[in-house]
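Both of the next two complexes hold subunit A, though its partner changes from subunit B to subunit C.
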Partner chain A sequence: MSGLRNAHVGDPPSHGGMGPAVGSRWLLARDEFPSLLDALRRAGYRIVGPTVRDGAIVYGSIRSVADLPEGWTDRQSAGAYRLERRPDRALFGYNVGPHSWKKYLFPPREHLFTLRRTDAAKFEVSVPEDPDPPMAYLGVRACEIAALNIQDRVFVGGAAVDPGYARRKARRLVVAVQCGQAGGTCFCVSMGTGPAVRDGFDLSLTELLDEGRHEFLVEIGTADGARVLDGVPLRPAEPSDVRAGEARVADAARAMGRAMDTEGIHDLLLGNLESPVWDDVGRRCLACTNCTLACPTCFCHSTEEVPDLSAERDERWRRWDSCFNLAFSELHTGSVRSTTPARYRQWLTHKLATWFDQFGSSGCVGCGRCITWCPVGIDLTAEVRAIRAAAPRPGPGAGGTA
Partner chain B sequence: MSTAPEIAGPVAPVPSHGGPLEPAPFTVRARAQETRDTVSLVLAPAPGSEVPAFRPGQFNMLSVPGRGEVAISISGDPGRAGEWVHTVRALGLATQALAGSMPGTLIAARGPYGQGWPVDRAWGKDVVIVAGGVGLAPVRPLLLELLRHRARFGRLEVIYGARTPDDLLYAPELAAWRGRTDARFQVTVDAAGRDWYGDVGLVTQRLPDARFDPASAVAFLCGPEIMMRLTAETLEGRGLPREGIWVSLERTMQCGVGLCGHCQFGPYLLCRDGPVLPYRDVARLLRIRGL
Partner chain C sequence: MAVRPRLAVWKFASCDGCQLSLLDCEDELLAVAGEVEIANFVEASSAVAPGPYDLSLVEGSVTTPEDARRIQEVRAQSKHLVTIGACATAGGIQALRNFQDVEEFRRAVYARPEYIATLATSTAIRDHVPVDFELRGCPINKAQVLEVIAAFLHRRRPTVATGSVCAECKRRGVVCVVVAQGTPCLGPVTQAGCGAICPAYRRGCYGCFGPQDSPNTPAWSSRLGELGLAPGAILRIYRTFNAAAPAFRAAGDAAVQEGG
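And now, the complex of A and B:
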């Protein structure tokens, strides 16, 4: 491990050793891209990444380069998503789609454990056979790394550690891709989460694609990332290659489709819990839960008991739930958040404000999924603007929690 | 050469058990019918297992396996090790199954969870306790703890409200408490027949009779939100600063450990940050509908 750190930057990747140095940058030719997939598989990873399915780019198993959305891009706006052909053959020339990596770390349905009655006064607890192979996430964007960090804090960062999430987190390899463009609903610049991938990755790829050139700038983020590159034909990157990669990311930063003023947003929202904007947006919102399902950080879930007919076995399952469901806040006296405005307020104030109180960060990464996938095109950046405009005393200091 | 598909990367110590949601087996040792729809259960652990200690105001997650899990406050004496006592009102599937559990029934339980009553804030002060309905259950461990240390604080005023005389919990104990000369227990009901000689009305109507020094008192409230809010306002009206008032709040809880998101109340996850919170921090939030 220490030998790796001391390796001279610019040394060619070793074959049979530990691989190139953390922090070093290399070039991988497009034609050699399959060798990266082979290397990931040889290292024991199941590769998941972008694929085209049902008219959208979603995450699924990657068996070969042919599974990647070569030559596809997407056009996104509030309530609209369309795939379109690109003029080139980019492998990662799209923006984030309806899926996020959370489905691998925090599966939509998960069997937690089974209670099996052993005698009148006892049961045994058994955990399902470990179904989780090490996974390489191919094509993780900067905002998505931020989302992984946020869910990590929820599931393994507190006093109660979720064992399934912890197991899958320990086995994930993050192969990031730098954004070379931004979508119509992107606002990662406002949230400070992108578009540049700066940390939290094992490998980072920048697709360099112009004037007949098609290569990937590969940055090594961790020793694990270095190790899997064993056998991948890389050549050292020149400073001009690094500059070309940075220029692509700068293009993306300039092309943000949305912006959100986050100045004092915690106190702004908590100081305006009775803003007329909640009723206004609540009249448009269908409470369909799309935003919470598409959101890469939404973690709310319900547990269910599934007994067998003999009542000897009782399986505990977890499934994604949503604060937009009426039953989510159900108490014996009825649902606390019985109206759609109350539920939208819960979602937005949690995402942008009370997440700080609960987990020490924002719950929003500016990926824009909730805007694109809202069937009525509700745009949280516009709603925040409206709340700010309607606030009796705009800006910080408008309230707080006391 | 690339090696076997063993797990790459730093493998964190990952628990192989069911994690924080895994319950332990208990059985119902004793059951007392408190009211028409409410019972108290004494839960004993499987032989050889310990019962974790708890603080007044904390809760456990309980289920009759297969019938659903539910958060229930601990209503037992914190000074009595080796058992958990819970008072359960039969309202939904899970609580109906629990309330119907006869001695010997297998119960899956885990806990204790949450922040309880700040008992040590009572020392040297007058204490006002106001409970409504089944809200007396999470207050009972607090009362027992206070009474065990009776010399450490000043006056003790308890006001307990229920819908009818038939809905009063812990009737024999309540009679004993009401007979004490070192504390005053006022009991009031919303409605009663002619055989009721006690007070009828809201708990707030009993507050003017409560004797305490507002400059040196604490208040612990548990009951419906509207009751706690009006009680706190009345106490503030008598000069008790809101810094001296604590409330026990309720939202649906499913995991009990801050993972599932159900029990959010503004900035708080009630299972983790509550259920007992300083009134100072929630007074404004309690006035907003549908939070």
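And now, the complex of A and C:
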């Protein structure tokens, strides 16, 4: 395979003369994993992926395999996350952490443009140089692909296209990883978003790790994915390898830490806007915004002007904001949602119900971040259950959107 | 040059740290001086021009009968009055006296207690005169004080977030110290503004910016108890720089009720 390492980027890759067609599956030995990173870099991508920092597995720059969370996993429950050692040396043996890929597509703070006064009534507008190189997202889980699809619809799927998001989306390469386990707050099975990665990826990896075996099943999702594999020493996967990969995902599906009954959820929530559960959860909720900022689909933001003292120059910035902030719904007469129960209700009904009306799907992908990263451990699956239990009717009939 | 608005900076009971934050604006100070006439800023210059002033920045709390009179004079000479820092907006660390017997302190500390004229409480400027805007922090954030001055100059409301420190952690990508370490932290009930300095160094938030705009301290105190803090420890966490801010004062009082 060494000759392929020198092939020009963009040449049609070939492996054993079979050609890595979209949909084909290959094996990559663990010892050869660095060659995948090299190939991604050679193709011009900055690699971002999982890395251990400050007691959690977060997303950051990946320069070498040493940056990956080899041998680490996490234990998650409502309001608690702990890193733990694994008995093996898995590279991707963890569940989703506090970060999500949205930080790369929809940055926490983004400088949109600068205005400069040219005379008393005129301004000149300049847009900052785009600093974003093409990025390869390494280790994207099924629920996270669902989240990327949802945010894509929000930012570029409608009449108004967000130019920065569209630019970054066009330059992203999704290297998915199939889950081989599930976390204590995972419920992707309930939301129909996982754990199997089925589409929306350029490359998909399944870590096969047992009885001395450590390799990756690689599935090619797109021509872009095929192209970057140029020079990566792959060998064709056998049907037994594919079955081994599927068994890993089935293990994850059986290990979901949470479940949510989505039957008729749209009408359930919108039919119970005066449920006593809202006040109950509102007493526990801190209105701290952690759930929304950890959520991979929440997209609320504010724009703010940063003028200089002379008001000759002004920068417009966009920053993550949250429906849990009092000021977020402030109009000239005050905040529309002045109480915490009202804000929790706004969030949950949007996420699980009116999101269908607005974007044609649920806003929840079942990743569990809002449960784990809530400092007081509020669990939306439990709140939905409580609303269902407190509903005056046994439950809405058919006709819910879910 | 057009007539510049006249700025005054005043000190009451305080450590001067907020005034120093203003001086720490170094690069921007010349721009400030270009836009306003710094007429009275003793910490920076002994050249003091008499009032009235267009904008007064007030640091510190009221702890003496003399200062209770002086703040009235400052207000009378000031078109706009903005308080800067935890002392001026909540009474500061010295408001811990509000929960104790000041007479006893005076007798214990001073050889000639009769020389000491002090009030039983340390109170926020708002408790004495109308205040146009309150800038939080111990100390204040220099970008925020510049924003307040710019907003005053251009007659708009300052852009100062009033939500939690958690939002700053999340925007910075800081891993939550409560969830990932079980470290007690006041971030969820504290107003943003510092940039989440302490959690970024794996420490819990100390609450320097006082309560956020929707502080659910009862729920938070209950969680701090679950994390292993005894009522006395919960009391101490709230009784620091913003001990007398209403939400933190109430949370401290509740901890006392619990045996703290």
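Just so it is clear, the second predicted complex is superposed on the first by the 377 of 402 C-alpha atoms of A that agree within 3 Å, B and C clash if a C-alpha of one lies under 4 Å from a C-alpha of the other, contacts with A are read in each partner's own complex, and residues count from 1 in each chain.
As a working rule, contacts are C-beta pairs under 8 Å (C-beta built on N, C-alpha and C of every residue); 3 or more make two chains touch, one makes a residue touch a chain.
Because the structure is predicted, anything quoted here is derived from the model rather than measured.
Residue contacts after overlaying the shared chain place A:Leu326 against subunit C, while subunit B stays out of touching range. Judged by the touch definition given at the top, the superposed model places A:Ala39 against subunit B, while subunit C stays out of reach. Judged by the touch definition given at the top, the superposed model places A:Leu173 against subunit B, while subunit C stays out of reach. Once chain A of one complex is fitted onto chain A of the other, the partner contacts of A:Ala311 extend to both subunit B and subunit C.
The wider contact with subunit A, measured as residues touched, comes from B rather than the other of subunit B and subunit C. Within the superposed three-chain model, A:Leu112 lies in touch with subunit B and out of touch with subunit C [touch as defined at top]. Of the two partner chains placed by the overlay, neither subunit B nor subunit C lies in contact with A:Ala66. Where the contact sets of subunit A with subunit B and with subunit C meet, they give residues 305, 307, 311, 321. Against subunit C, the residues of subunit A that register as touching in their complex are 53-56, 58, 79-83, 98-99, 103, 108-109, 283-290, 293-294, 304-311, 319-322, 324-327, 340, 372-376.
Those residues of subunit C that touch subunit A in the complex are listed here as 28, 31-32, 34-35, 146-147, 149-150, 153-154, 159, 161-164, 166-167, 170-176, 178-182, 185, 187-189, 202, 212-214, 216, 218-220, 223. Across the interface of their complex, subunit B is touched by residues 16, 39, 42-45, 112-113, 115, 117, 120-123, 125, 127, 133-134, 154-155, 158-164, 166-167, 169-173, 202, 222, 224, 227-228, 230-231, 270, 273-274, 299-303, 305, 307, 311, 314, 316, 321, 323, 328-333, 336-339, 341-342, 345-346, 349-350, 353-354, 357-358, 401-402 of subunit A. Interface residues of subunit B, counted against subunit A in their complex, comprise 1-2, 4-12, 14-23, 25, 27, 46-47, 63, 65-69, 91-92, 104, 106, 108, 224, 250-252, 254-255, 257-262, 264, 266-269, 272, 280-281, 283-285, 288-291.
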